[in-house]
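Both complexes below contain chain A, partnered by chain B and then by chain C.
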Partner chain A sequence: MSVFVSAVGFGIASGAVIALASLGFTLQFGLTNTLNIGYGSFITLAAFIGYGFVQLGVNPWVTMLIVALIMAVGSAAYYSGFIRSLVRRSVGFGSLVIATAAALIFIEYTIVLVAGPTTKSYGLTSGTTYHLWDIVWSSQQLAIILLAAALVGAFQMTLRMTRLGRALRATAVNRTLARACGIRVERVSIAAWMISGLLSGVAGVALAMSTQAFTYTLGLTFLIVLIAAAVVGGIGEPLGAVAGGLIIGLVTQISAAYWNPAYSDVAAFALLIAALLLRPTGLFGGQARRSNVAAVA
Partner chain B sequence: MNLEYGVAGVLNFGFIAVVAVGAYTYGVLTLPNPAANGNFEKYVFGLHLNPVLAILAAIAVGCVFGGVVGLIGRHRLRPDYQAIMLLVVAAVALAVSEADVGLVNGNPGLSLVANPLGTTGPSGSNGWLYVAIVLGICAVSYFVLRRFSDGPFGRSLRAVRDDPDAALAIGKDVVGLRLVVQVVGGGFGALSGALLVGFIGAWSPSAWQFAETISLLTAVVVGGVASNYGVAAGVMLVPVMLQQLSQYVPGLNTRPQLAADIGWMVTSGCMILFIWFRPAGLIPDRRPRYAPQRRRWRWSYAPQPSLAPVGPETPVADGPAPAVSDPGTWLSKSWAMPSRVPVAAPPTATADPLLEVSGMVVTFGGVRAVDDVALEAKAGEVTGLIGPNGAGKSTLVSAITGFVTPQAGRVVFDGRDISRDSPHRRARVGLVRTFQLARQFPRLTLIENLLVGRQGHPAETALGLTAGLRYWRRAEEENVERAYELLRAFNLHAKANHPASNLSGGERRMLELMRALMTQPKMLVLDEPLAGLSPAWSERFEEAIGWLRSTGIGFLLIEHELGIIERLCETVVVMARGQVLSIGTMKDLRTRPEVQSAYVMG
Partner chain C sequence: MTALACGLVTTTAGASQSTLKIAAIAPLTGPTATLGKFMEGPCAGAVGVVNKAGGVLGHKLVCYPVNDLGDPADAVANVSKALATNSNIVGAIGLTSATATTEVPILNSAKVTMVSQNGLSEFTKRPYEYFWRMTPPDFDGGTALGIAAVRAKFKKVAVIIQTSTANTGTRPGIVAALKKNHVKITSNLLIPGDASSYESAVNRIRAQKPDGLIISADVQTTSTLLSEYKSLNSGKVPPVILPTGILGPSLFNGVKKLLGTAYLTHDLQLVGTYVNQQSGAFKLYATAVKHTTIGASEASAILATQAIGTIYDGIIVMSLAMDAAHSTVPSVYNKYMTKVTGSHKGAVVVHTYAAGVKALKAGHHISYVGVTGPVSFDKLHNSTGEFATFTYSAKGTVKTGKIIGEKTIQSVTK
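== the complex of A and B ==
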C-alpha cells in the first residue's frame, strides 16, 4: 500500500508539471486551433534559458519568474510572426502542423549549437523533505505543486471573472461571432499565447528542476506526454488539461512503481491511444466536431 | 560516403514517393515507422533467409503495420486527431523498440546484418551493383505507385485530401481510401527500410527518430507535393544537401555532431521557408487537362421570350450571367442515363415517399437542435424546408445525410433503412447533399471536381488498379463527356481546366450542384443553394431544379427566399426551434397563424 501511496505522491508532483505545460498547449489549440508541435521546444528553451540564469547564480525561483516572462513574450512573437503569417497565406492545416514541427527541430538544434550537446543540470540540492502519510516530497516538489495549483487557480479565476477571461472563452467558442461582438480577437489570441508561453516557461524550469539532468531533447520527449494529458483531459479545455496532467502523472508513476520504470511512458501512451479511440474529445471536451475547417482567421 | 548518400537518396525515393503520395498528399500525417519494423526479423530468428524472401516478408509486414495503424485511427476524421494519433504510434513504436531487448535488442539495435550480395558493408564494386539493383527496384516501384497516384483513383484520393466532408457527400469512402493508402505506404516504407538495412548493415532506433521524419517530409515539401517527379527532386536535394554541407563548411571539427546538427537546422529551416513561400514545392503537381470530346453538341441556346434577362446586362461581380435556354433542350435526355453504365434510372414519381424521416432528435450539449422531427419527401417533387434562423434545418439535413449522429431517429430511403449508414454509403444509394458554404476541391481543376462525382468508376476497383488504363479508358471518356455536357449547360466549360480555387462565388454554388448531379442521385438535399447568388444565377438555378425534377430526381430544398419555394415546391415543411410547425403547400401555410408568428418572432 505504501508503494502505491508514495507513487501517488510522485504522480502528483510530476502531474503538476505536466498539467501546467499541457494547459499552455491546450490554450493554443483551443483558442487558435493550432496544433503547435513547436511547443515542445518552448519547454526546452525555457529549461535552457533557466539553466543560463542558474549558472549565473540567480535563485532558481527568481529564474523561473524571469524565464516565464521571457517565454511569454517569445511565445507571443512566435504566434504573431510565425503562425499568423502562415495562416494568412492559407497554408492549410497539415502544412501548418508540419511547419510547427520544423520549428521544433529548428529551435532545438539552435539550442544545441548555442549550448552544446552535453547534458545539463541545475544541480540543486534536495532540501528538506516533507512527509504526508507515505508520500515523500522534497521542498522543491512541494513548492512546484503549490505553485501549479496557484497558477491554475489564478487562471480559472481569470477565465471566469475578468473581461479578458470572458473574451477568451468567447473567442474559443466562436471566433467570428466574438469578432462581430466587438472583441479584439487578435489581441485576445496574443494574450492567450502570452499566457501559454508563461506557463511553458514555468513548466520548463520546473521540469529541469525536477530531473537530474537534461539535454536538448527534453521538450521533444516531454511533448508526447503533454499531448497525452491534453487529449485525455479534453483538448481545448483548460480544466481538462489540468485533469489530464494529473492523470498522466499518476499513471506514469504508478506504472513505474508496479511494472517497469522503462515502460512508464508507454503506459501513458497506451492511455492516450485508448482515449483517442474511445473518447477523443477527452474528459471535459464537448461533442466532437466533424468539420475540419481550421478556425484561425 | 558519397555512394552511401547517393544510394540512400535513391533508396528513399520509393519510400518518399509513398510518403508524398500516401501520407502528405492524401492528408494523413504518417511517420516512417514501417521501415523500422519490417526488415530484420528474419535475421534475428537465425533463419538466414534468402534476401528476396526477406524483402518480400518485410513488405508484407509493412503493409500489415500500415493497415493496423490506419485501422486504429480510422474514425477520427479530424486531421488534428489523426496527426496526434500517428505521432503517438510512432512514439510508442520507438519506446518499445528502445526498451524491448528480446526481439529488437533495444538501443544498440542489430548489427552485422548481412549484405544480400555477399559482402558486409559498402565496399568496392559490390556497392555499385547494389545501387543498380536498388535503382531497378525503384523503377518498378515507381510504376506500381503511379497506379495509385494517377488516374481516377489518384483523383479521388486528392479529393479526400482537399475536403473529406465533400468527398463523403459524393460517396467516397474516405476511411477506406485512407486505409488503402496506409497499407500501400507501409509496404513501400518497409521495402525501403529493408534495402537500406541490407546496405548499411546495422540498424538501431536512433536512426529512426522524429527528426528523420521531418527530413523526409522536407524532401516532399521542398521537392513537390503530390508530384512524383518533384519528390524525386526533393529527395536528391535534401539528403545531398545535408551531406555536402558538412564537407564544405569549414571549421566543423570542433565537435563531431556539429555537421549533423547544422544539417538539421538547415533542413527544418528549408521546410519552413518552402511552406512560407512556395507550399506546392519546386515541381508542383500538374493536373491533367481534359479536352471536350468531339461529339456533336446536343443542346441549344434558344432563348425563351418569357425567360429573357431582365434589364440591361450590367457586369455582375461573379461573371456574366449565362444565356438562358429552352429547358426542354437543356441537357440531352441521354445525359441522365449514359449508355454502358449500370446505374439505377431516376425513379419515376410514385405514391410512396422516397425519403422518410421519423423521430429525429439531435442534441448538442443541453440544446435540442432537432426535436422529434418527422417528414417525407417524394421522388420527382421538390419538398421545401423553411424556417427562421436557428430552427435546426441544417442540423436536420446533416442528420439525415449522416454527417451528424442523432440521438434518436430513423431514416428510410428508397425502401432501405439507412439510419446507421455512413455518409458516403448514403450518397451511394442516391441521397446526396450540398453544403451551405460551397465546398470544392481547390487543388483539382473544375472538371476534375465533377469527374470525381462518378459513382462506381471501374478505375477505383482493385481490378481497375491492376489492369490499368486500358481497362477503364472507356468509362473515363464517357465520364469526361458527361462532365462537359454539364459544364456547357451551365456555361462554365471555358473554365473546365482551371483550378477550382479560381471560381467566383456564384460559380462555386453551381459547382456544388453540378458535382452532386454527377453522382446521379435519386434525391438531392440542397442547403440554401441560392445564398449569395445574383438574380441571374438564381434564375438559372431555379430552371435547373425544375428541369431536373422532371427527370424524376427528388429534392429537399432549404431556402430563405420564399419566392422560389412558392414556385417550385409541392410540399413545404416549416420548422422553428427544432420542431416541425407545419406541413403543407405554400398557399396553405401562408394562412396559418403559427407559421406567421414563427417568422415574425423568429
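== the complex of A and C ==
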C-alpha cells in the first residue's frame, strides 16, 4: 500500500507540470482551432531563457515570473505574426499543423545555435523533504503543485467571473456568433494565446527545475505527453487538460512502481487509446473539432 | 555550429583536390552532442600531427564533420550525402553505437575505410571488410563496470540502465560480472531516457538499500536520477559508478552542485577504456589536443577517455596504412591496416606518425603502438584494450585509478 501511496504522490507532482502545460496547449486549440506542435518549443525556450536568468543569479521563482511574462508576449506575437497570417491565407488545418511543426524545429535549432547543444542545468537543490503518510514531496515539488493549483484556480475564476472569461467561453463555443454579439474575437484570441504562453513559461521553468539537467529536446520529449493529457481530458476543455495531466502523471508513476519503468509511457498511452475508444470526446466531453479552421478576420 | 564545423568552413573553403578528408561522423547536435564535440580535439589533433609531418603522400588531411544527429534515419541521409558530394573522403571515424548499424554498411559498400568508436556486439559477429574498431564491445564495457563495483567492495548493487542501443550490450555485461563475483543485484531496472521524473523507480531502488549504484544513462537522465535519490533518501546517495561516455563538464558541474565536492571526489567513479598517459604517444596526443580550439576542462576529459583516443589512433593508423600502400585509395590501402599494426617479425615499433613514416621510407615493417596501447586487430577487425576507473579531482580534472586488465574482463566474458 505504501508503494501505491508514494507513487500517487509522485504522480501528483509530475502531473502538476503536465497539467499546466496541457492547459496552455488546449487553450490554443479551444479558442483558435490551432493544433500548435510548436508549443513544445515554447516550453524549451522558456527553460533556456530561465537558464539565462538563473545563471545571472536571479532567484528561480522570480525567474519563473519573468519568463512567464516574456513567453506571454512571445506567444501573442507568434499567434499574430505567424498563425493568423497563415489562416488569413486560407491554409488548411493539416497544413497549419505541419507549419507549426516546422516552427518547432526552427525554434529548437535556433536555441542550439545560441545556447549550444550541451546539457544545461539550473543547479538547484530540491530543498527540504516533506512526508505526508507515505507521500514524499520536496519543497520545490510542493511549491510547483501549489502554484499549479493556484494558476488553474485563477484561470477558472477568470473564465467564470470576468468579462474576458465570458468572452473566451463565447468565442470557444461559436466564434462567428461571438463576433456578432460584439465580442472582439481577435483580441480575445490574442489574450488566450498570451495566457497559454504564460502557462508554457511557468511549465518550462518548472520542468527544467524538476529534471535537474535538460537539452534543447526538452519540449519535444514532453510534447507527446501533454498532447495525450489534453486529449484524455477533452481537447479544448481547460478542466479536462488539468485532469488529463494529473491522470497521465499518476499512471506513469504507478506503472513505474509496479511494472518496468521503461514502459511507463506505454501505460500512459494505452490509457489514452482506451479513453478515446470509450469516450472519443475525452473525459470532460471536449468539443470534437472538425478539420476546417475558424476564421480569424 | 560546432567549432569543428566552423573549422570545416575555414578549411574546405581553400581545400583543393590534393586535400584528403577524414569524415568525422558523430552527433554534433542533440542529446548526445557531447560525443561529437569530444571528437573535435582528437580529430583535429591527429590531422595536425600528420600534416606537420608532411601529410600523407604529399596530401594534407582535414577533418570533415558529418552530423548524424545520433539518429539512424538522419545518419543514412547525411552520410550518403557526404559520400556523394565529396570524392576525396579517404577514411572515416566516429560511427557511434546509436548509428553504426546503419552507417557501417553504407561506408563498407562505398569502400571507405572506417575506424569506428561504437561498441555494438554485432560487430564481433559479422564481418565488414572496411570496418575497423579499437573500442571494446559494450558487453566488455558493462563487465568493467561490474568489476569496478566488485573492487569497490559493494555487496548490494542497484543496476539502472537507460534504454538505448549501446546498453543492449552493457547491461548483460554488468550482470555477468556481478553474478560471477557473487554480488547481490538488488534492482536491475531499465528506464526511459530524459523523463521528467523517475521517482517511482528511485523509490523501488532505495527500498532495497543498495550500498552502490551502477548507472548507464546520459547526463540528463543520470542527473535527474541522482537528484531524486537524494531528495527521497534524506539527502544521502550511495556511491555511484558511471561509464566514461558521459564524462564532461556538464556531469562535473551538475554533480558538484547537487551532491557536493566530497561526493564527487570520493563516491563517484567512472569506468572506461584505459589510456597510458605516460607513453610518448600520449604526450604527443595531449599536446596536439591542447593546441586545438577546445577548452581546458574538455581537453582534460578527452585525454582521460580512451574511446576518444581511438579517434586519434585510428587516423594515424589509416595514414600509415596509406603510406605503406603508397596509395590514398581505400580499396588499396585498407588491407595495409593490419600491416602497420599488430606484432610482426622484425617490425619496428613506432609511437608517432612521423616515426612511422621515417621507418617505412627506410624500408622497415612497422607496428604502431599509440595512445590506446598496442593495436592488434582480430579476424573481424576488432582490437580491444584495457579498462580503468577514473575519478574527478575537486578542480574537475580526471585522474586515472586502477586498471581493469584484459584478462580480468575475459575471465567474465569467456
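One rule holds for everything that comes next: the second predicted complex is superposed on the first by the 285 of 297 C-alpha atoms of A that agree within 3 Å, B and C clash if a C-alpha of one lies under 4 Å from a C-alpha of the other, contacts with A are read in each partner's own complex, and residues count from 1 in each chain.
The criterion applied here is as follows: contacts are C-beta pairs under 8 Å (C-beta built on N, C-alpha and C of every residue); 3 or more make two chains touch, one makes a residue touch a chain.
None of the values given here were measured: they were computed from a predicted structure.
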| item | value |
| --- | --- |
| First (chain B), second (chain C), both or neither touched by A:Asp265 | both |
| Partner chain(s) touched by A:Gln212 [first = chain B, second = chain C, both, neither] | second |
| Partner chain in contact with A:Leu113 - chain B first, chain C second, else both or neither | both |
| Touching both chain C and chain B, counted on chain A across the two superposed complexes | 109, 112-113, 117, 260, 262, 265 |
| Chain B - residues contacting chain A, complex | 24, 27, 29, 72-73, 76-81, 83-85, 87-89, 91-92, 95-96, 99, 164-165, 210-211, 214, 217-218, 221, 255, 257-258, 261-262, 264-265, 267-269, 271-272, 275-276, 279, 364-365, 403-404 |
| In the complex, chain C residues that touch chain A | 1-2, 28-31, 33-34, 36-37, 163, 189-192, 194-201, 203-204, 207, 218-220, 222-224, 226-228, 230-232, 234, 248-250, 253-254, 257-258 |
| Residues of chain A defined as touching chain C within the complex | 3, 6-7, 10, 13-14, 17, 109, 112-113, 117-121, 123, 125-126, 129, 136, 138, 207, 210-218, 221-222, 252-254, 256-257, 260-262, 264-265 |
| Chain B contact footprint on chain A (complex, rising order) | 29, 35, 37, 85-86, 89, 91-95, 97-99, 101-106, 109-110, 112-113, 116-117, 220, 224, 227-228, 231, 260, 262-263, 265-266, 269-270, 272-273, 276-277, 280, 286-292 |
